[in-house]
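Both of the next two complexes hold chain A, though its partner changes from chain B to chain C.
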Partner chain A sequence: MDNKPLNTVNIAFHTLKRKPFRTTGLILLVALFAFTLFGGTVLSQSMENGMDNLSKRMGADILAVPYGYEADIQSALLRGEPSTFYFDADTTEKVESVEGVEAVSPQLYIATLSAGCCSYPLQLIGFDPKTDFIIRPWMSGSLEHSLADGEIVIGSNISAKVGQKLKFFDQTYLVAARLDKTGMGFDNSVFMNLTTAKQVVWNSERIQAHPVAENDNLISSVIIKIKSGYTGKDVANNILQAYAKEGVHVVVAKNMISDISGSLRGLTTYILILAGVLLVLAVGVLIIVFSVTLNGRKREFSIFRVLGATRSKLVKLILCESCLISIFGTAAGITAAALVVFPFSTYISTLLGLPYLQPSPGVLFLMAALSFLISFATGPIASAYAAVQIGSSEIYTTMKEGE
Partner chain B sequence: MKNRLLSGITVAVFGLLIALVPVCIFPACSKVIETAAGGAVPMKCFWAGQAEIGVGLLILCGGILLVVFKSPLTRIGVSLMTALAGVLSLLIPTLLIGGCEMPTMPCRMTTFPTLYVLGALTVIACAANAFYLWRKNHQSRVKADGQ
Partner chain C sequence: MNLLKLKDISKIYGSVKALQNIDLQVSQGEWLAIMGPSGSGKTTMMNIIGCMDKPSNGSVVLDGMNIAKESAKSLTNIRRDKIGLIFQQFHLINYLTALENVMVAQYYHSMPDEKEALQALERVGLGDRAKHLPSQLSGGEQQRVCIARALINYPMLILADEPTGNLDETNEKIVLDIFKQLHQDGSTIIVVTHDPEVAEEAQRTVVLEHGRISRIVRNEK
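Right after this comes the complex of A and B.
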């Protein structure tokens, strides 16, 4: 210990240094628990935030899509995967006449080949500003006027500033607003009015044939709001009964959200179970290790007592050793989790395929602090029994037992 | 000897991983940009990856030198230079070359985050090793002066 004072922390530190393998093993165990706890909490909280955002932004009760494209619209909404599917535009009027329907608005989905900004296919969504009741409310904070022809609103993942121009199919469009991060597919989408969307399609015709350029009277989906007093299921059945034969199919928003909630619940349960198992394992192993090493160190503690150390000093020594293990393990675990969860957040959200929105820095800090406290507590809790045992034993008996 | 091996091998592994990330672990975007003349050039994240291969190999050499050299002062120098190479590995994707703008592109999703983590770990490991060696060297000098 060289010139360091002989206080509890230094003695505990020296004892841990004397057994490097045991100390490293225990630190790794606590680190694994802290990693799972913090990483798992951030992951499940981010998915929960994404889910809340999806419920808030969904707006529509039912989506009418061409038969066979139900999965496509879900992947466009959740992950922004570029999709193209079309049916006749008069479906809007047909659906509007169905009992229980309050409002309808058509949408046109176009997938780009490669955008000038990043050479990556994007989902372009054309909507009708006059009838739309989903997209306009999101823009209320960022766009004052109604979206004019040639203007676009971009998702948060698209790299362009308001006032800049983006090029699609050799034609430039003015970025009028940029949406906040949603954690959904809309982050990778570009919104425009139907006239601009059709203009994009006509421009794309020079590169590849497009069904909308051939037939101007096509749309991709109809968003439907139902009247109060009707359920989504009833109105969906009404639509199917009337127009299923014409190739119209429906996606009920509530069902889609509850499906995603189900998989989210499953994932969160797995994370909680894993964290619980690791907590029990960490505390259990630490209890065993401290009890076993205590028996081997009885002579050492007797000598401390003979040299004048009080019982409370010995208790402090054992608790200090466990606290040091906990601090190093927790710090390593939380740092490792932060190095995985934060830089790779986009990759994780892509792998999960679920709405993923990371909490604000304040919430993340609170989660880190809470995880630190819980993980740190494992050491002192596990060593409490051993500390009490050594604190209550007599010098002579301990010395005899240690021989 | 134990510290020499541990620090040298750790840094060498980080260097090797930095060099391998753009090659086979998480390759950068493979698409090419078509020029007006009809040619095809790789995107800038590809060049960032190429530069990272060089920096990674430099860090790998730094790690090997940490194992080979015995003199603490030489090892301090090697550690500091390797830490600076680690800083360079962080600057290439962020400031010096950069990559694609869209966060969902492979380079921004996997290649660069891995390089940030490995670069940061290299800087921390080398700086800690330099500090440890400096303190050890200082202590042994004080001891020698005392005798």
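Right after this comes the complex of A and C.
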């Protein structure tokens, strides 16, 4: 305490330093709670944002895919996992003729390789700019002209700049635009028109056989918009009735979103339960530790009382000690959560398999502030009971007990 | 002029009568010793005079104020402002240095003044031990820190409970010399002791037996 003023904070620091293991343990406990609270809140909020964005940007009401590839299209949409599945291109016209269908557009998925021929192993999505109604609207903010042959638009997670060239199967393609973050698999995808996509396929043939190179008349999926007055379920049934035998299957966007929402709710509930358990554990352990500790410090408090410390001053000292534990624990927990959640957000989103869109810095700051307040409160709340107990014993008798 | 006046004081714990009908007056500047065997009521009397307990009956007038009727909070303030306490077991805060132990009394009284606290330690011959923790001090040195702490807020009454009870002969002499100096400077001192030699240094000795004053002796010294 040399050269530092003698005050309640300083005395509290001394007391905490005196029991380093106990103090460290309590700080770690609060830190664990703060970590779960902040980290969990950021995760669940990011997934909720991703979910909202998925609903907004999905665009299509139904996706027609080859039978058996329903899960693959979800992986491609949600996580951008490279997928390859194909059926005849005339499926587009077939589906268009089904009752209740308003618009259709084909898409072609190509997976690049983790090899010297390609800059990245990722999902390439070829689309038809003339009929497309979901990708072009997102591009309108980033790309002023229509996408030319040989040009690509990249998702936000792909580390390349506009004007740079990316190599796929030993051919380079000009990055014409970069999309904003969506929290979906599109962040890890590259978009191009169908002509360019087929060019990529032909180039890939030099390295590995590709079904599209063998048969130019293949596509991966058809995105479908339904007419008003029809439900996705009805139109999906119409498509299945007509073309299921030809290997056409459907994914209804609303059902997919509803399934993901269910998973998200489950995960959010789990995070909340974990945070609740940790809160109860942290407060419970702190109450016990403070009560036991203060019981062992009765003599010390009696000396302070004899020296003229009022009961309120002793309460202030106890609260100060618990506040210091809370501050250090909360700061450590929130910092640790930030160091885990922010740099590894892409990895976490892949791991969770759910759309993931991090809140804005302002919202993150607000969440950090709220988490700080809640976590910080654990210390003072836990020590309040012990604090009111002090001063109730006979001063001099307590001092004499230690003799 | 009386600084302290105890009138018909009794203290009863259940069926135990710790003090019975005590009448005592202590003048300003007087050095009084309280003696008696264990269980005679010395500690109870010290607690009451030191504002750490209240009598069951009677009045305790300190500096013109009947402290027997004051609230616990008010007693804390009176103890802080008017009384300096010295203990047999020293009761220093073991994680604070000698200087900080003195300053903590200043902190709870008004505000810490390091220079003044250091002067108090120098007064008891411990200026060079100011930065030492209690565990680094001998028993005699710890008692002198306790005395410095008791004196730091200029109390009108110094109340010492067996101040030499844990000290060897050399340190006992040092502490008694400090008390003599304080007495010469005009301090009012009440010492609770078992030791007749310590009691003899006082002007008067009150002898307690079974919670009653059995006799009051005026010492020759």
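Some notes on this structure:
Here is the rule we go by: the second predicted complex is superposed on the first by the 379 of 403 C-alpha atoms of A that agree within 3 Å, B and C clash if a C-alpha of one lies under 4 Å from a C-alpha of the other, contacts with A are read in each partner's own complex, and residues count from 1 in each chain.
The criterion applied here is as follows: a contact is a pair of C-beta atoms (placed from the backbone, for glycine too) under 8 Å apart; a residue touches a chain by one contact, two chains touch by 3 or more.
The structure presented is a predicted model; accordingly, all values stated were derived computationally and were not measured.
Put simply, more of the residues of chain A are touched by C, taking chain B and chain C as the two choices.
Contacts of A:158 after superposition on the shared chain: chain B is touched, whereas chain C is not.
Contacts of A:300 after superposition: chain C is touched, whereas chain B is not reached. Shared-chain residue A:346: touches chain B; no touch with chain C.
Look at A:215: by the touch rule set out above, it reaches neither chain B nor chain C.
When the shared chain is aligned, chain C comes close enough to touch A:14, but chain B does not. Of the two partner chains placed around the shared chain by superposition, neither chain B nor chain C is touched by A:241.
Of the two partner chains placed around the shared chain by superposition, chain C is the only one that A:313 touches, whereas chain B remains out of contact.
Once the two complexes are overlaid on the shared chain, A:188 sits against chain B while remaining clear of chain C.
Common to the chain B and chain C contact sets on chain A are residues 2.
Those residues of chain C that touch chain A in the complex are listed here as 43, 46-47, 50, 52-53, 72-73, 76-77, 79-81, 85, 87-89, 91-93, 95-97, 100, 103-109, 112, 131, 149, 153.
Taken in their complex, chain A has these residues touching chain B: 2, 80, 114, 117-120, 157-159, 188, 339, 343-344, 346-347, 350. The residues of chain A lying in touch with chain C in their complex are 1-2, 5-7, 11, 14-15, 17-18, 299-300, 303-311, 313, 394-396, 399-400, 402-403. Across the interface of their complex, chain A is touched by residues 31, 33, 43, 100-105, 108-110, 113-114, 116-117, 120, 139 of chain B.
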